[in-house]
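Quick one: structure below, then a few questions.
A, B and C are the chain letters, set down in written order, and residue numbers restart from 1 in every chain.
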Amino acid sequence: LSAGAGRRSASVFFLSDYGLRDEFVGVVHAVIRRLAPEVCVVDLTHGVEPFDVGAGAEALCRAAPYLGEGVVLAVVDPGVGGARRALALRAAATGGPDWLVGPDNGLLLPAAEVLGGVQRAFSLRREDRRVDGAAGGPTFDGRDVFAPAAAALASGIDPEDLGTPVEVSGLVRPVPPRLVRRAGAVNEILTEVTWVDAFGNLQLAVPSADLDPGVGALSVTLGAPGQGLGSLRRVRAFGDLAPGELGLLADSNGRLAVVLARASAALHLGAERGTPVRLTW
Amino acid sequence: LSAGAGRRSASVFFLSDYGLRDEFVGVVHAVIRRLAPEVCVVDLTHGVEPFDVGAGAEALCRAAPYLGEGVVLAVVDPGVGGARRALALRAAATGGPDWLVGPDNGLLLPAAEVLGGVQRAFSLRREDRRVDGAAGGPTFDGRDVFAPAAAALASGIDPEDLGTPVEVSGLVRPVPPRLVRRAGAVNEILTEVTWVDAFGNLQLAVPSADLDPGVGALSVTLGAPGQGLGSLRRVRAFGDLAPGELGLLADSNGRLAVVLARASAALHLGAERGTPVRLTW
Amino acid sequence: LSAGAGRRSASVFFLSDYGLRDEFVGVVHAVIRRLAPEVCVVDLTHGVEPFDVGAGAEALCRAAPYLGEGVVLAVVDPGVGGARRALALRAAATGGPDWLVGPDNGLLLPAAEVLGGVQRAFSLRREDRRVDGAAGGPTFDGRDVFAPAAAALASGIDPEDLGTPVEVSGLVRPVPPRLVRRAGAVNEILTEVTWVDAFGNLQLAVPSADLDPGVGALSVTLGAPGQGLGSLRRVRAFGDLAPGELGLLADSNGRLAVVLARASAALHLGAERGTPVRLTW
């Protein structure tokens, strides 16, 4: 299937740590609709752990290859109201999102790399982007700064009208997840859990393709000082595991993941995002 | 009110056990939008308990009478990546959804019955439905198989282009909830809790219309060996109950439900989906 | 940025206490789409605490200034199926929502005041608004009464076709949150927590602009009999606080809020919606 030829309006792909209990997400939708009624807002997720910029960056990276043309709007922003810049980044690749909008704290850069790298960067002016009726302090830039900018870019407004060009080299870069490989008599990878999904699967920073397909099982140690899980089989799908058997598979992003069939590996093992993992074979 | 005459684009009605914490649902939306930008995706719910195929089937049945034309996309799929087939089912009734797309594990059939029964069934080919950029193992068929098929069917693509016709008689059938009725000196119904909603109401498998309107109260026993709740009044609405009084009413799907006014019967009674219930009168 | 000039279809802004675990919200979307396919439904939130009419009213008020033209559909409705009326209220102001639809229990009035006051009020007829296929008891008016009315009003149907004009003076008024100010040798405000957001910030009923900007710190007592929090500094943004320091800021609605930087004041203090607060300076 190639991209459809039907009626097309601009898309804004929206990710945040706002959660869905409050009206934050709804208000951002309303602001975009008011400014650019032809735009369709696609919610990627708003379930990022509050303030966890790295988790938001990981989720954006996983989603990025599946997004069509449009604007990514991402807000995980513990520094809101402070000195951190508000950004619009132009992605180099074609076919996917053209722009990424969000705070200058490392949230956007990894996904921008997936989308071909940053071609140009703009620091958004704060004052101009306020919508009519904006009240209160500078604590909700998703509503007051980022949503108006995303709506404008989705509508084709010139980014020079929104802010000032800045050097790509000066953007805040995130700390990448741990991934150290040592070859020898015993091969070893030191890494960490980058994502615990709702089913309790433990995604690691290791691309599955980095491991020789001939390696059918790996010894896994979890945490520090370390809980030995023994030798886990690499399988193709959850159903290849016996009930209660821990295994390793290439997950839907091509990353190595520690999983249980029809049960939560995270609950079973007490693991969470950031837990260190050692693989040997 | 009859169906509106305004601008109409195709609808996809999407239900899953993906939850909203991760980006799974957002990525499925993005894939559909990329393939069929004119389609409107309506989220039915993504809060089905992980892996609970029966709960997903029940939710689809409850929603089915209210859906207009379009495609149902339902994914509760513990067997993903295994031998289970991927299905597209043609519903016989007109006015509602024409197609149901999802795994062959019993999830779709009860709702298809509500929609007039299955007229034709197709087993979707896996390989052809991958979107560009799909990476990783076969663990996210919602993204890689079902969403592309739903987008294609919503766009009017011939189902023969998507898969192979299969026998309706060979589809996996779900185990229906327990519903046994015994008439005698004492009338008795043995059933179970089919749904605990967010308000804590306990829906039973019993259509309220099956009980003679003249029966104004029933003795209810919950669980096994069984906690006697005494004789509960049948009422029309929550407000007809005194504070703290348990009662029975015809819920919004016409099913008998055990309820408390403005409080959670489930919390009060410690009941959950699947809890056995005995009614006598 | 002014309102966009692109393709515009009617909007329904939807808030409820339905949660997202069940299919309630999805079914309401489907009903609106069936009756008025050109309408765009914007979900404000469905995370209002079940039955908490006041919390729903507060959330609507916070969102109201950011909504464009359209219809507000709000359902927090513990009295469903009882004698309470179903309402459509015409807002006096232009540029924002023209109509608010929901139960006559105080949920709509505060937001209607934000939108210029109630110009006209209608009591919706129950029977006529049922969609085809509606089953069961009168426990889901969001689906059976309010959504059809919102769809009709968004489509421009004459409100006289939906119900009967009623006196605005007879509408159920909510109890406003506590806000008592006493001037003297010691200035004092007695108020309460009106909202605990997902980040744990404690919004008070006090407009920040009511406090002289020269007052740089206030003594805060929480709860009854009262836990003294000492003197808290008024700051502009979260980042102006030291780690672990409680402070006061003007939040994104212009209300005074008790906050911690990058942590939950609510968890730290054990406060919740309705907790009494005393401010002195």
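The rule we apply is simple: a contact is a pair of C-beta atoms (placed from the backbone, for glycine too) under 8 Å apart; a residue touches a chain by one contact, two chains touch by 3 or more.
Everything quoted here is computed from the prediction, not taken from an experiment.
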Q. At the place where copies chain A and chain C touch, is the share of residue numbers found on both sides over half (same) or under half (different)?
A. different
Q | Degree value of the rotation bringing chain A onto chain B, based on Cα positions, nearest 5 | A | 120
Q) If you average the Cα atoms of chain A and of chain C to get two centres, how far apart are those centres in Å? A) 31
Q | Residue list for chain A, restricted to those that touch at least two other chains | A | 9, 20
Q: Write out the stretch or stretches of chain B touching chain C in their complex.
A: 1-4, 6-9, 11, 13, 15, 20, 40, 42-47, 59, 62-63, 65-68, 195, 197-199, 208, 236-240, 249-255, 262
Q | Complex contact set, residues of chain B against chain A | A | 9, 18-27, 29-31, 33-39, 50-51, 78-83, 129, 131-133, 135-140, 143-144, 148, 151-152, 155
